[in-house]
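What follows is a set of structures to go through.
Two complexes are shown next, each including subunit A; its partner changes from subunit B in the first to subunit C in the second.
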Partner chain A sequence: MKDKLRSILTVCKNKIKTGSRSLIASAGFKSVISSLLCIAAGILVGFVILLILAITSDKIPVSDAFEGIWIILEGPFASGSAQNIAFVLGDMFFEAAPLLLTGLSVAIAFKTGLFNIGAPGQYLMGAMGSVIVALAIPTTPATAFWVWLLALIVGMLCGMLWGLIPGLFKAFLNVNEVIVCIMSNWIAANVVSWVFSENKQFINTQGGKTAYTLPTTANGVSTPKLGLDKLFPGSNIDIGIFLAIFIAIGIYILMNKTTLGYELKACGHNKNAAKYAGMNEKRNIMLSMAIAGGLAALGASFYYLNGGAELAWNTYGKLPDNGFNGIPVALLASNNPIGVIFSSMFLRFIDKGGYNLAGFTAYNEYVSDLIIAVIIYFAGFSMLIKGMLAKIKIKAKEVPVTETSTETVGSDPVTGAEEVADTPIVEEITKEEEDV
Partner chain B sequence: MSDIIREEAVKTECESPYVIEMIGITKEFPGIIANDNITLQLRRGEIHALLGENGAGKSTLMSVLFGLYQPEKGEIRKNGEVVTIKDPNDANALGIGMVHQHFKLVDVFTVLDNIILGVEPNTAGFLRKKQARERVIELSKTYGLNVDPDALVENITVGMQQRTEILKMLYRDNEILIFDEPTAVLTPQEIDELMAVMRGLAKEGKSILFITHKLNEIMAVADRCSVLRKGKYIGTVNIADTTKEELSNMMVGRDVKFVVDKGEPTPGEVVLEIDKMSVRGSHGKKNAVNDVSLKVREGEIVCIAGIDGNGQTEFVHALTGLVRVDSGSIKLLGEDVTAKSIRYRNTHGMSHIPEDRHKHGLVLDYTLEENMVLQRYFEPKFQKGGFIRFDAVREYAEGLIENFDVRSGQGPVTLSRSMSGGNQQKAIVAREMDREHKLLIAVQPTRGLDVGAIEYIHDQIVSSRDKGTAVLLVSLELDEVMSLSDRILVMYEGEIVGELDPKTTTVQELGLYMSGAKRWGREVQKNEG
Partner chain C sequence: MTFLIQQTLVYTIPLMIVALAGVFAERSGIINIALDGIMIFGSFVGAFAVYLMQKENMLADNTQLMFVIAMICAAAAGAVFSLLLSFSAINLKADQTIGGTALNMLAPAITLLIVKIVSMQDRLSMPKALGFIISNPDIGEGLKPFFDKMFISTYIVIALFIILSIFLYKTKYGLRLRACGEHPQAADSVGINVYRMRYLGTTISGALAGMGGYIYIATIASGTAEGTVAGMGFLALAIMIFGNWKPVGIALGSLLFGLLKCIGATYANLDINGDGVCALKELGLPIYFYNIVPYVVVLLVLAFAAGKSRAPKAEGIPYDKGQR
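And now, the complex of A and B:
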């Protein structure tokens, strides 16, 4: 395994070395490189932490630090027997689907100039909508599929509605979407707790526990598996991951090929120019947020309609990780919908590695959570590194500065880093002057 | 050529009349030579203009002087001695200071605080403002720079802010003063004052480098002028021995006509009719546009003249639908569009070259071709079933780029942000001219452009008029107002205070109306319809 990875690495290295100039110059390449650098930095810091823990603790042998980081890098493949690997891999794909969709939710909002930090709330609303529909409508084997589909759609609509709220505030009252999103997260958390506490029939009371809702399979509703469970025996895998990938491709097409995507992006880049061009910028802000909300909610719908996962309904004190983790997923992918497919997979891959770390070394599960958190944290720096790469390139190549009239250039909170390349030179002069 | 200059330099080394010399500067970027063997010699106590089109290499040259770029070839000398300038700190230490086009002041600080910022006089960390204050007052008296040291920057005029910037340089004992397009933001009166200040500074022994496109200003104030064109040094001339025509020829490489070539207007049907339009100001106190009525006919260019900030921006925004009209009506081709959307106006005969090309005119992060269809992407020509027909967009953009000579690095796929200001403006003009329109609203269409581009855009506007378009021009440039328009309406404090005929009026008379010193009665406006 190690040798295989190593050979892949050397191939990659050679490819980078011999890569054509145009490839290096392209923005996409810069994004990929910065993402890889982030991952490398995260792993390095994670390793240092493991090493420090091993050195300072007499319970952990130093050799475990080396073995531990390797286990993390191997992800599900460090799970031991082939059967175990298949099981963990299957679960990895299953769990990647919701992360992919929340990542997509954050990414599309970023692309349109909005910061959707409300994904956890939208996710919860989607979970609630889907679970209630899936449990409330009695099914026969013939109608189960249609109830599943309805549950999926209702979940998505709940999320769209929840995303629309910050969109409305932003569009009509110019209230920052971050503030409304954060508040709507907690409102969602309490709404979900309240709805289920008032509707005890959905709660799983088997074995005296009351913390979870019934699995949707209790009503015969679950996402089709199409034999994937045979391929990855024992795991929860279903077609959700394929649908999620399909949606990501759809979003890519929407954003890059359609008039709607053209409008949404124009509004995100420059609201004033969009208005000048006759676009309805208020409608577009609301639409962006609704689409983002619907995507986050779909993530939850896929997760809880699987039948294997039960919703911890008492959510008033805690927001779902899948919602927040959409942010690093989006950042790691530079907000590219196709990139989100890979970044969500990567996060789940590392996640499984962390799980194995606790299983196979002397580190406990808290340490593995910590290491995973560090890697995810560094993933968030992708934009920063991208900006730095652009800057380094300027220093090295000294791209000529066009003599534009130095009107102030609108800055976008997300892509701001890229603008470094284009700041008129006069600005730079002063910056340095002011440093004196 | 370079050898001759070198010889000259060697000769003058012992006792150099030049305070700063940049000799044989060559700076290359991948694919482009931004500065090709450029020599610039600044004499002590002279005003030296640096003239060149957008992209001629002026900024690069100044960046080399400031140590931001290291030249491949060439050297910089101060008082005849070779110096190396590695970063802006070195430049400051050599007494080089710069007034930027857009000021670098802290709005909520006083003038005095801004001047001493970074070099605060102190004793053991405690500010000693008193002596700084005296020095600033003394400096402002010496050079005729009238400012109130205790006023907050946000409360003073643009002209005073500029004087604050100049004082900042003087306070730091800079002796080489660079002015980067200093007149772009000033009123005609403030420009005159600035010219006087510059002459005073030169008389006191300061050396001034004056970067500009405006030939009139060079003729008025400079002693010598160096011209750059496409990265090459064209020459240095004594202003006393040259003419405006010669300078523009050197800058553009061909003869440029200053008089707009246009025939008599043939006004036809009324295209735009505004009746008693009022727009509330942003602070709610006073109407920004008050009771304005006017008509624009096909085949004529009507110009709204006025000093910046007299309601022109609000007027155009209301006209184009960006802000709501409070009272009155707007009729486009006989149809009341007062309450119609921007898109409706766009698709029913209105074209708009906006005042601020970065804020409204372009999505800077879109490519050139994407910007070319900013108001048209939804037309059947450019989309099918909601999918953009990128091949059609490309073809259309390529056509516009060719017809309107929009220059960019990578053609249709160039990121708009990376284009020069002049070509960004050309792209907007191309887009707005090519759209089907009966009314063209052009707001400051040539702001910040060089003479070549100005000539081009003026020609386009005139030919558009001759094809029967009604043109409403809003401009702050008196030259443009006088040469381009068929009728002039003067706007002062949100009202139309007079109508003038460019053939019979003078700049002085126009100035009186613009400053509010003179106004005609309302009956003039009524007669005009």
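And now, the complex of A and C:
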């Protein structure tokens, strides 16, 4: 006991001593920097494209390019009056919640070495489960909350079930999860359309339209707002975003502080080694996909239980964007659950900027999609950028990078996740330096 | 029956060529998850080419040539677009999934950005009455399924498919390309330029996918470029895995999928034996059921054929010369 305490104390002391130095040298810090560099590069390319469009098209004045890039960078804050800004900002938070959760879904699967491209299908199944429960069970004001909770849980379970399908195929039949995910997406889209086409009582027929389901508020069920709607008047904001952030922190703890998380990551790094070490790799694959499915479905549940969003039920020809956009969210955060919180917010921020851009200049909202795509393209080079960062560091001052970075494993709660994985790269680079 | 074969071919052709595109990339060692994005970009450029030719009143009397030129434009655009993937995956050794995802996002963004500036709406439509369909109503009954109400793309794709399959399996370049996907170090040790072969693979892949994208919108999606190909690229990816990264498997897989998809799209007025009774419609099942069938069948076949599937060994791994 005493020994343990003493060792903890020495570790703390060392940490304080190497504090600032280790922060800069830590791999986590490097991934944040490289993400920021990607974003900067993406915005720069976006600006160049705005300029090119302005020069080649006679419909767009060149001054719009300069104004346009500012509007995008200001995101929701370029919405004009204070009232508008509050409204757009509130909606930004509301719309970030599903993106955050689908991002988490993709990230956790990536950590287990699986590519969950099935998030759209899981998202749709979650939406269906939640909407049906929220509309089918009659409520009184007293029971509404419990129905909401039940709807949330049923939605999550639907998604988990849907995520389990690729998991089962992968674990027991060794079928590539990408193909099963793609198939299950389209099956889900048709199942959802089928179920709602047979249950017309859930469909909103007001004003002669039939394309959407009833909002869950028709049955008195909606996510609690806790006064947030007064803070952001006119917007759809509810506590969903906070619950989503809470879940992200929970997933971070699961992945980094528990045995299960360790096993999942071990499977991701090397399936055979994990099996050799006595882990049940089949169980881990299924579990990872089920968790991923549940998370994606929760995203949909939060979105559609808000009451402000209605589900376009006849969706057999189109998969939801929120599902696919989980992929860039996860990639930009290099699959770190905490990073996902920021990357999802960032994507929504730029998105809102894009809509403002369409409102105020001759460009359209797709500029923001383009910038995000370019950022993701650069995110592919993050290893390269991290490597260059490490080189710069070594040249600037002779800091023993490998030592400090191993010392600080787990020091930073935000970035600790990446450190173990990244240390070998740093070592490699120092080796290269020696060769030179 | 004639109708069924014609429609099946319409669905099969784009799937087949794009799945073959996937084979060329993956056999050379690059995972091309960007097929969908390249298709979108190709479809846009093809449609834009037709739009421009229409505007300048070029080739108004030879729509077949116009169609072929649009296909070539789409293929060229796809090849150029895929260079983005090649550059990041081969030269910069970036993660291929990330690069592909980026391309999948980039293509609809660029397409819609330009389309909206050009046409002031979210879609660019080719005029419907262009007469791209080749009609041969006088041909004998036996030949009708293959020569009446056809698109010229059908023949081009089938010819290309055969030529490229032979290229992949019977020429030295094909062998080199496949070697780079299996064991690039070994290939390099006998003097094959791995980088160049991988560039060749992804560029062919990009050209085929771009062409496939244009064929898709021209033959299935009513000639409209709107920044989506309804997940056709991902389906082709699935067909490629289904076909075990081999041309014959892909041809069979896309035929099966095309047939099921065609039944789903036309079941309401499908009269197989010509007795005036639409048997499938009598069953009373909703369209959703027929939409689900192709996907479920592919999954079932995969489940039974599991274990035999074998991906190129070195796919997804950036080639590092210094590595042992």
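Note that in this section the second predicted complex is superposed on the first by the 338 of 436 C-alpha atoms of A that agree within 3 Å, B and C clash if a C-alpha of one lies under 4 Å from a C-alpha of the other, contacts with A are read in each partner's own complex, and residues count from 1 in each chain.
Quick note on the criterion: a residue touches a chain if its C-beta (ideal position, glycine included) is under 8 Å from a C-beta of that chain, and two chains touch if they have at least 3 such contacts.
What you see is a predicted model, and the numbers here were worked out from it, not measured in a lab.
Shared-chain residue A:H269: touches subunit B; no touch with subunit C. In the superposition on chain A, A:K209 makes contact with neither subunit B nor subunit C. Judged by the touch definition given at the top, the superposed model places A:S57 against subunit C, while subunit B stays out of reach.
By the touch criterion stated above, A:A277 is placed in contact with subunit B alone, subunit C being left untouched. Within the superposed three-chain model, A:V191 lies in touch with subunit C and out of touch with subunit B [touch as defined at top].
In the overlay built on the shared chain, the residue A:K257 is in contact with subunit B alone; subunit C does not reach it. Legend: residue contacts after superposition of the two complexes on their common chain; A:Y316 is shown touching subunit C, with no touch to subunit B. Common to the subunit B and subunit C interfaces on subunit A is no residue.
Of all the residues in subunit B, the ones that touch subunit A in their complex are 29-30, 32, 34, 54-56, 58-60, 62-63, 66, 68-69, 87-89, 92, 98, 100-102, 104, 118, 180-181, 184, 320, 322, 341-347, 352, 354, 356-366, 370, 374-375, 377-378, 383, 386-388, 390, 417-421, 424, 447-448. Residues 33, 84, 88, 92-95, 97-99, 101-103, 105-106, 108-110, 112-113, 116-117, 228, 230-231, 234-235, 237-238, 241-242, 286-289, 291-292, 295-296, 298-299, 302-303, 306-307, 309, 311 of subunit C are the ones touching subunit A in the complex. Residues of subunit A that touch subunit C in their complex: 53, 57, 59-60, 115, 117, 169, 173-176, 178-180, 182-187, 190-191, 193-194, 197-198, 316-319, 327-328, 331, 363-364, 366-367, 369-370, 372-374, 376-377, 379-381, 383-384. On the side of subunit A, the complex with subunit B involves touching residues 257-260, 262-263, 265-266, 269-270, 272-280, 397-410, 412, 415, 419, 422, 424-426, 428-430, 432-434, 436.
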